[in-house]
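There are two complexes below, and they share subunit A, which is joined by subunit B in the first and by subunit C in the second.
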Partner chain A sequence: MTSYSVFIIDVSSRQPVEAELLDTIGERQLLDWQFQWRRTLEGYLRRLADNGVTRQGLDWPQSWHWDWRAKIDEVRGLLGHTGYSVVCRDVTQGMMRLDLASRMARLDDQMGKPLVYVDYLEIAPWNWNEPYADPPLYRGIGQVLIRTAIQRSFDEGFHGRVGLHSLPQAVTFYERCGFINLGTNPNEYRGLLPYFEITTERARTFL
Partner chain B sequence: MTYSTTADWALARAALDETSTPGAGPLSARPHVPDETFWLRGEETRLAFARFVNMARRQRGWSIEKLADDAHIEVGELMSIEQDGGHEPELRTIWRLSEVFDVSQARLMELAGLASPKDTHAMEEAVRYAARSTAITALTAEEQAAFDGLVSVLRDKAK
Partner chain C sequence: MSKKTMTLNLTEAEMSALEALCAKKDLSKTGLMRQALRLYQMIDTRVERGGKLYFEDDQTREKSEIMML
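What follows is the complex of A and B.
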């Protein structure tokens, strides 16, 4: 396992704090997810319920039954997949799973060329900027992870090309990162998640 | 991997995501819910799908292993379908189950949450039938009636 020194922002002090970028999602990260992320998420769900937000409401999170452990187990040992995590003050703050092998670019000027595809990217619930959530503890974790995906793309010889399906609420985030929105497809994720891609030139600008 | 960055870069970039929470892929949280049927599709109907497979198998007196052999489906996949309401089945699994149980493949896909329901009412009906059943070793008369109702919804191949 390799650890890289990175910086994220402590929201209360507005100052950068040192964090670790790990080129793995290990047992330690899965335990953090299992016992810390989910506990915070449960508290958040209770708060939503207390505020009258129902499962039909727009603010209800859907990840409570989703399983990072299963998602990591299903690609364990596969060379085409890898994971990264950001750890700060001994707690996992964000995780990302990458597909390095099976996806091709869709933008006209790079159509069919290999790229790094972000299978999953999630940050710890206490860093969410969401209705009824406490103010986030840290900011900039997503930026570190996207930078990682882009850097990995350059290292793989994919010239910085990265693709992903964004959550609808994260559209602005990826646009600000320089990604191009190719819209939704009814055959992918029930037409809910728009596909984004970044070009070599924009990837260089991001770094 | 080569990776180096600075505190200044982090400050400048973090300022850009002050109003949004990054997330990608279906594992991440908080997708918008476009309408009420989204939740019906994603959770309730999949639980109904799990109940349907469980009841259809038991009605025939089959073990999971027997169904797996006959339908050429992995035992683990079948167990996940019956026991894990969050499990998303493979498309080919749906096709094989629809063949074995003689129900509409399209309807079964809708129930499993792999296709948008063309008839939301039928899916709600299927969920209601499934909700009336309880897991015991043999089908009771009441369970059999609920199961028959579920099959009648799923056999409507016209839609």
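What follows is the complex of A and C.
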């Protein structure tokens, strides 16, 4: 496992704070998810329910059912998948699973060329900036992870190309990162998740 | 991450195919072989778990199974 120093923003002080970027999602991260993320999430979902928000409502977190242990077990040992995590003050603040092998670019200029595909990216629920949630503790974790995906793409010789399907609640985030929205496809994810891709030029700008 | 080096003996036809794919995919030979290994391992693992590999025609939705024996 390799650890890199990165900086995220402590929201209360508005100051950068040092965090670790790990090139793995290990047992420690899965335990943080299991016992800390889920406890916070449960409290948040109860608060939503108390405020009349239903599972069909726009404010209901669309990743609420993600099971990170299952997602990691599914690809354990496969060379084409990898994971990254961001740890700050000894607690996992965000995780991302990548597919390095089975997806190809779709934008006209880079059609059919290999890219890094972001299977899943999530930040800890106490960092969510959402209605009914407490103010987030840290900002910038998503950007750190997307920067990591782009850098990995350059390192792999994929020239910064990255693709992903976005949950509707995350669309604005990926647009702000410079991804191009290619829209939904009725044959993928029941036509609910738009596909995003970033070009080499835009990837360089983001870095 | 430490890396190992190997020599690969290919026929002329295989080398031509490799070079054509490298040009098409904008990858180095090492990058292409790495992608091939990742994909082969992924397919083999999923087939071993009981999965099936299909190609589907985008227009007709017709599926043809690739037999991995």
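Everything below uses one rule, namely that the second predicted complex is superposed on the first by the 203 of 207 C-alpha atoms of A that agree within 3 Å, B and C clash if a C-alpha of one lies under 4 Å from a C-alpha of the other, contacts with A are read in each partner's own complex, and residues count from 1 in each chain.
To be clear about the criterion, a residue touches a chain if its C-beta (ideal position, glycine included) is under 8 Å from a C-beta of that chain, and two chains touch if they have at least 3 such contacts.
As the structure is a prediction and not an experimental result, all values here were calculated from the model.
Novice: Give one word, clash or fit, describing how subunit B and subunit C relate on subunit A after superposing.
Specialist: Subunit B and subunit C fit side by side in the superposed model.
Novice: Touch check for A:112: first (subunit B), second (subunit C), both, or neither?
Specialist: second
Novice: Decide which partner touches more residues of subunit A, taking subunit B and subunit C as the two options.
Specialist: On the superposition, B touches more of the residues of subunit A.
Novice: Answer with first, second, both or neither: which of subunit B and subunit C does A:167 touch in the superposed model?
Specialist: In the superposition, A:167 contacts subunit B only.
Novice: Go through the superposed model and pick first if A:101 touches only subunit B, second if only subunit C, both, or neither.
Specialist: It touches subunit C, and subunit B stays clear.
Novice: For A:132, select first, second, both or neither according to whether it touches subunit B, subunit C, the two together, or no partner.
Specialist: neither
Novice: Please indicate which partner A:159 is in contact with in the superposed arrangement: first for subunit B, second for subunit C, both, or neither.
Specialist: second
Novice: Between subunit B and subunit C, report the minimum C-alpha distance in the superposition, expressed in whole angstrom.
Specialist: Nearest C-alpha pair, subunit B versus subunit C: 6 Å apart.
Novice: Where on subunit A do the contacts from subunit B and from subunit C line up?
Specialist: On subunit A, the residues that contact subunit B in one structure and subunit C in the other are 2.
Novice: Given the complex with subunit A, which residues does subunit B contribute to the contact?
Specialist: 1-7, 9-11, 13-14, 16-34, 36, 38-39, 41-42, 85-86, 116
Novice: Subunit B touches which residues of subunit A in the complex?
Specialist: Residues of subunit A touching subunit B: 2, 4, 6-9, 16, 21, 23, 41, 55-63, 65-68, 71, 96-97, 118-123, 125, 127-130, 139-148, 151-152, 155, 164-174, 176-177, 186, 189-193.
Novice: Could you pull out which subunit C residues touch subunit A in their complex?
Specialist: Answer in residue numbers: 1, 24-28, 31, 35, 37-39, 41-42, 45.
Novice: Using the touch definition from the top, list the residues of subunit A that touch subunit C in their complex.
Specialist: Counting only subunit A, the residues touching subunit C are 2, 77-80, 100-102, 112-114, 156-157, 159.
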